[in-house]
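Pasting a structure below so you can have a look.
Naming follows writing order (A, B, C, D, E and F), and every chain is counted from residue 1.
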């Protein structure tokens, strides 16, 4: 217990988290600080490319076993299943409409890649290893939740729209393509490729992450300011409870799969996290009636900071306790 | 300068719907359009701004289309099919164009 | 397609004044507007371009506002209060809109 | 609010021709214009988008010019000299402006 | 004397200054070379974040004493006082209107953070240490000059506008928030935080600074080209004389405060420098009647290159001579 | 022969080439992955600045001899001559109009700086040295081809437009100014300047190149998709044959000049490459009637990938075989 707290404390004063806090504070205080859209997108491309590449190189070094396949399947199942749990919980805890609840559920089934990256950072700085292919699992977990959510809506008679365009947009969205693509490049080029570009993708990684989180704090802060009163107390509770439930499901899956403690923490982190890039775009197309203020505020303004500050240390403590480390 | 009567249709629509919109416009016989970036706005669904955004979810674009008056009706019908369930606005203005053979 | 008469007001104003303008517009009952980025221009105060600029001082934005004809007058009065001492231009055009209930 | 009749000329032209266009406009007595970025479009020469482009070759800009009605003719003539061999479109709309002394 | 010249000479052929010259030359020759606005903004955010963070880490290493507080107070006083000197000088040397003179004065009371960064670079490459908290002093010196200038205008019956919006915009402007925020983050996370992100904020710093100065050269060159004839000979003289006066005031303040030679040079550099990001924006709001071509050309086209090339070596020589180093 | 194949194979699985392939594949599969225009431009500025600076430092280290001047003259002649070969070939192999053929010729006479950079990378990773001033030769080879092409058109009665504006745009275009400017800065500041900024311009260089090639793949893929049917089989053949002819001319020139094997490979690579930044912009102004889909698709979609994957190893093998290495 003391350990968790000390880890959480240590975590809280990392430059990464303080940068997020700075952005949040600046936006809430209505500073005119903003990061250009193009710069924010460039940073997200950098982060996705780097994390995918590193995962691929790690797989090329340690070899790949059946674990890659089974964990990807488990990830797909988790992503597809979590929306049902989230939907049920939302219907109990809040008065959200079916469409809003389904849209929120899609976000929680899918994953937030920055939360995953933050989990990576914590593990690395603690010297805890993990399966390099987890980044491919991350890519696999992006999309299934969207289908579950659309099915939930259509079952209730609401018309989620699913056309050929949308299929492609979901399955070939920028982050899936970048993650899988750079994972394969890393795998193919291995340590030799890593040696060529590591001064770009390894050394400056954490610093870029700081500025990216500064931006996320700014966006989250503006979102919170603009959506006062949109979230009921029940919804806020959901935003904190749901990641813990997701993490528990991830923990069970990790134990069944026999993942390393580090890998289990990452699976928990992904299950606990809520998408705020790919899924919101898909929802604008497929469920335009759902209110973006609700799902964006929950994912980015509540669950993301929770995972970043308390969640990840908690998941790490739980995995260490149950699997050993 | 010889000019010709035409219509300027401006459709402000979510960025995620841009490709769908321009495809139906093309099907409806529109031969040209121009897409302008939009940096922010406000409407019934609240204020928004592109600053620092990574997702395409929160953005819009303005599609400007110069067209012969007789072609406006099919254009609007096509656009409406896409815009209907979505946020965004459509306006039509009378204008004059040069080089009428191009519209 | 059923369309309705409306006005398209376009206000090109300094970026530093954007928030002040949109606030008075909202107070004047404007329910929606869209902000387009501007990359350069020229006027009595000379040529300018956003290339490589870091400060917000040198930039402008275009605020487009579709509005029922009867609401133009208060809008212009509100806008004028902000624009008056500043550089920038305001134009009003007749247009037709779909979904009139939104304006 | 006192407003005055004017014309809003919108010229969508290749980015590489922007400086040439604005120079002839200035020579033709145009006292002000505003340049808006364009992110994509479609025409006889096909679809295009600025995404990821490095060269200025593939882009366009929209030059908006508010002008007294009597000055439209020389403006169009000047613009036509530049636009003629190039892709792009020109439209002219009636509008009302505030602060007429500025145009 | 020989030392100054050699330092100035050495300074002049640094990549940083030559990059500025390249930009200036390209713009004056009307090359189509431009750096995208988003990239320029991203670089400025990077530089502010890095410089603030480094200052904070330095304070966390060396501890903080009363010097932080007294120097900040001195910085505020300098920033508030310099506009009066500048205004008086302008009224004597030029025929500028009250409003234009006040607007220019605000720029010279406030600081240019890139000039400050350039001063940092020179000190570091000479192996001269300085107080880490100078970056907090920089933040403190941004705003007071604006208030002095508005007071000057209102005293003359001109109507500088000051509303609640503007207060916030001035006090929470992007560069103050970034500098103070990253300073606090650096202070809180200390050397451990530095170790995590130094590959991002220390190693590539000077290179980014080169590209940023390339951009500033381009902007300055376009400005100079566009404002031929705007500046009288008197105004040009002011653009070179005023920084020297500011530096002298900074030198006196540094000696009274008992700052290290390096710290004194930075205080001089800030007092000598003229804002070209925050103050121009505030002036557009508060004094729209003032002509931007005048204050931008003076600050960016005259005083900035002067400080960069001759000013900083001069201030260093003066401080070394008077305080020893 | 075996060597060429193994080098080509090794080359093919470098992160750089795989990143291009990823972009190409993503665009052809119509993923929504895009890199913001501002980020792409910033990367190109970074690459030009870094490559120019490195060349300048290398010249300052190894001294400069007559080779710089003679090679620049040879480069100008190559650039001016190649369009005639290309034009003749196009008239034989395709049914392109005079204007289209001339526009395409201008592209092949001029150079693609990224192809040059890729050639640099291959040489460096093979430990093969080359003349530092080749980057100045690159700058010299950008423009002459445009004049040849315009002359070809005017000879046929077509009206290529050449005004004062255009002269400046061609001679002072962004990439020439950046290359020559940073070359001179590198030359002036030498190893001391390099020490100051090498963490920025050397270490992360290859990584940035990967993301830039990802972007080029995306743009090339979108171009190929949008211009199906624009290129005849003859034109496609030209896109592969012409670089080989260009390289052969470059080889002859390199041998006459007595360049090192590495320098010869770079000259061949430049002669073989087709511009896709500066020349297309000049063509839009001077030959607006020419169809951009033709020249962009050929340069970026056919010749660039050919040079990147097979061309450079081939040129290296030829130079090694004929000059020794």
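Throughout what follows, a residue touches a chain if its C-beta (ideal position, glycine included) is under 8 Å from a C-beta of that chain, and two chains touch if they have at least 3 such contacts.
Keep in mind it's a predicted model, so treat the numbers as computed, not measured.
*Asks:* Figure out the least number of contact steps between subunit D and subunit E, where 1 means they touch directly.
*Replies:* 2
*Asks:* Can you give the shortest number of steps from subunit B to subunit C, where adjacent chains in the path must touch?
*Replies:* Steps on the shortest route: 1.
*Asks:* Among all other chains, pick the one whose mean CA position is farthest from the mean CA position of subunit D.
*Replies:* A
*Asks:* Call it same or different for subunit B and subunit D: same when shared residue numbers make up over half of all numbers used at their interface.
*Replies:* Answer different: the two copies use largely distinct residue numbers here.
*Asks:* Taking each chain's centre as the mean of its Cα atoms, which chain lies farthest from subunit C?
*Replies:* Taking each chain's C-alpha mean as its centre, the farthest from subunit C is F.
*Asks:* Just curious, how far off is subunit F from subunit D if you go by their C-alpha centres, in Å?
*Replies:* The mean C-alpha positions of subunit D and subunit F differ by 34 Å.
*Asks:* Measuring centre to centre with CA averages, how many angstrom lie between subunit E and subunit F?
*Replies:* 40
*Asks:* If you average the CA atoms of subunit C and of subunit D, how far apart do the two points sit, in angstrom?
*Replies:* One centre to the other, that is 18 Å.
*Asks:* At least two partner chains per residue is the criterion; list those residues in subunit D.
*Replies:* Touching at least two other chains: 36-37, 49, 56, 93-94.
*Asks:* Can you list the residues of subunit E that touch 2 or more other chains?
*Replies:* Counting only residues that touch two or more other chains, subunit E contributes 32, 34-39, 41-42, 169, 203-204.
*Asks:* Could you list each pair of chains that touch one another?
*Replies:* Applying the touch criterion to every chain pair yields A-B, A-E, A-F, B-C, B-D, C-D, C-E, D-F, E-F.
*Asks:* Flag every residue of subunit D that touches subunit B in the complex, lowest number first.
*Replies:* 10, 12, 36-44, 49, 60, 62, 73, 76-77, 80, 83, 89-94
*Asks:* Which residues, counting only subunit F, touch subunit D once they are in their complex?
*Replies:* That would be residues 34-37, 40-41, 44, 161, 165, 169, 215, 218-219, 222, 226-227, 276-278, 280-281, 283-285, 288-289, 291-293, 296 of subunit F.
*Asks:* Give every residue of subunit E touching subunit F within the complex, in rising order.
*Replies:* 13-15, 18-19, 22, 25-26, 29-39, 42, 125, 203-208, 210-211, 214
*Asks:* Quick one: which bits of subunit E touch subunit A in the complex? Just the residue numbers, please.
*Replies:* It is residues 36-39, 41-42, 45-46, 49, 53, 168-169, 172-174, 177-178, 181-182, 184-186, 188-189, 193, 196-201, 203-204 of subunit E that touch subunit A.
*Asks:* Which of the residues in subunit B end up touching subunit A in this complex?
*Replies:* 14, 16-17, 19-20, 45-58, 85-87
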